[in-house]
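In order of appearance the chains are A, B, C, D, E and F, and numbering begins at 1 in each one.
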Amino acid sequence: DDHEAMDSGDTWLPSLTTETPQEGFALAVTLSQKGVATTQPDAEVRKAKRSEYAEDPDSLIAASHVIAIHFQTIAAANDYWRE
Amino acid sequence: DDHEAMDSGDTWLPSLTTETPQEGFALAVTLSQKGVATTQPDAEVRKAKRSEYAEDPDSLIAASHVIAIHFQTIAAANDYWRE
Amino acid sequence: DDHEAMDSGDTWLPSLTTETPQEGFALAVTLSQKGVATTQPDAEVRKAKRSEYAEDPDSLIAASHVIAIHFQTIAAANDYWRE
Amino acid sequence: DDHEAMDSGDTWLPSLTTETPQEGFALAVTLSQKGVATTQPDAEVRKAKRSEYAEDPDSLIAASHVIAIHFQTIAAANDYWRE
Amino acid sequence: DDHEAMDSGDTWLPSLTTETPQEGFALAVTLSQKGVATTQPDAEVRKAKRSEYAEDPDSLIAASHVIAIHFQTIAAANDYWRE
Amino acid sequence: DDHEAMDSGDTWLPSLTTETPQEGFALAVTLSQKGVATTQPDAEVRKAKRSEYAEDPDSLIAASHVIAIHFQTIAAANDYWRE
């Protein structure tokens, strides 16, 4: 459960560094979900709502938007994985 | 009460520097809530509304979005916690 | 009245530099309100609407979002108040 | 009429440089309005709608948001008017 | 037709460099429209909807918002057209 | 199927580097869609909804917005394709 990890002293975000852009994108998804979990800590409620917004195009675009912001941050943190 | 801290001379934001990305994320959450508290200073009203928007997926995504912006700022302030 | 200050030659934004992050956050709030006041210059109308949106969670999150953007700008202007 | 200026060869945006942050903010307002005028070139329609959205808090916050983005760009262009 | 240009091998975006800020703004408008055209490739549908959203203040502000993001990118690409 | 590629070990995002701005824009479109596909992995559901939001101007503008954010990231990653 993400929320318990956040409340307890568990480390869930040790670094913004990733090996590849693709892993950076996955981390962006995680951060987006974390932002939601912070406001709604009850995983059961989140799961119940998921089926709802996952079929609403506007919600899907809004979720994609948050991922885009986090990906921008992570990409900068990794100097864009330039070779 | 956050708002009283803001109105009084209390310091609630001494620095953007954090030890870890995870603490930076927690600070981003705090700043997002501060933005809300500035517009609606009454903690009782905020609490009453919380149960409402915490079950609305679009509100949750919007809250996650604001956290993402603040996290971007804080990450830059910490030079992305690069080692 | 903010609007009169904007219309007249009065200076309301002499600098983006602030002593502390907390003052920077307060300036971000001011800029957000200025953006609203520019579009709706009538302070009476703004005050009348305030009681409305200050109880709407989505409006509060949207206001917090604008503050976050301005805070990002101000933080960069102050080189993140790094010591 | 802004739109005619845009269509004709008239120069309405010679530079992003301004003397002061306050002038930079005013330029941000202009750019926001230009973005609207580009999509709705008819000044009469824009004027008719203005009375509508200028009383809708969410529209006012959305307008303030666009100003915030442009102000961020202009502030960077002016190196934040650092002395 | 923009979409055909995108699908075919035609070049519609050779560079982000423009002579002036004003041309940069025009390019930002083009990129915003391209983003719409990518999702709705049928120019007839887009034209039919245009009369609809061009009279909706919130749609106009949203369109102006996207232009603002692209203008930020283009301004950075041109080093803000500093002299 | 994008989602399978994401779940499996397949590489779909090897780099943010592109030859041209136009290819960068196409990659921004891909990332936007990936953000949607992450939240709604069922391609059939996405296809069913597409016809819906592709005719809604506000959805189209919102999709264009997400593309704009990703394009900003990719443009920076490519140093704006400056010659």
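In this text, a contact is a pair of C-beta atoms (placed from the backbone, for glycine too) under 8 Å apart; a residue touches a chain by one contact, two chains touch by 3 or more.
Worth saying up front: this structure is predicted, and the values here are computed from it rather than measured.
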Touching both chain B and chain C (chains): none
Furthest chain, CA centroid comparison against chain C: F
Chain copies touching (chain E, chain F) - same or different residues, decided at half shared: different
Superposing rotation of chain A relative to chain D, computed on C-alpha atoms, to nearest 5°: 180
Per Cα centroids, the chain farthest from chain D: A
Rounded Å distance between chain A and chain C, as computed from the means of their C-alpha atoms: 28
Centre-of-Cα separation between chain D and chain C, whole angstrom: 16
Cα-centroid distance, chain B relative to chain E, in whole angstrom: 33
Contacts with 2+ other chains: residues of chain D: 53, 58-59, 62-63, 65, 69, 72, 76
Category of the chain touch graph - line, ring, star, complete, other: ring
Ring topology as an ordered chain list, initiated at chain A and continued via chain F: A, F, E, D, C, B
Footprint of chain E on chain D - complex, ascending: 11-17, 31-36, 38-40, 45-46, 49-50, 52-53, 56, 58-59, 62-63, 65-66, 69-70, 72-73, 76-77
List of chain A residues in touch with chain F within their complex: 20-22, 25-26, 29, 53-55, 57-65, 67-69, 71-72, 75-76, 80-83
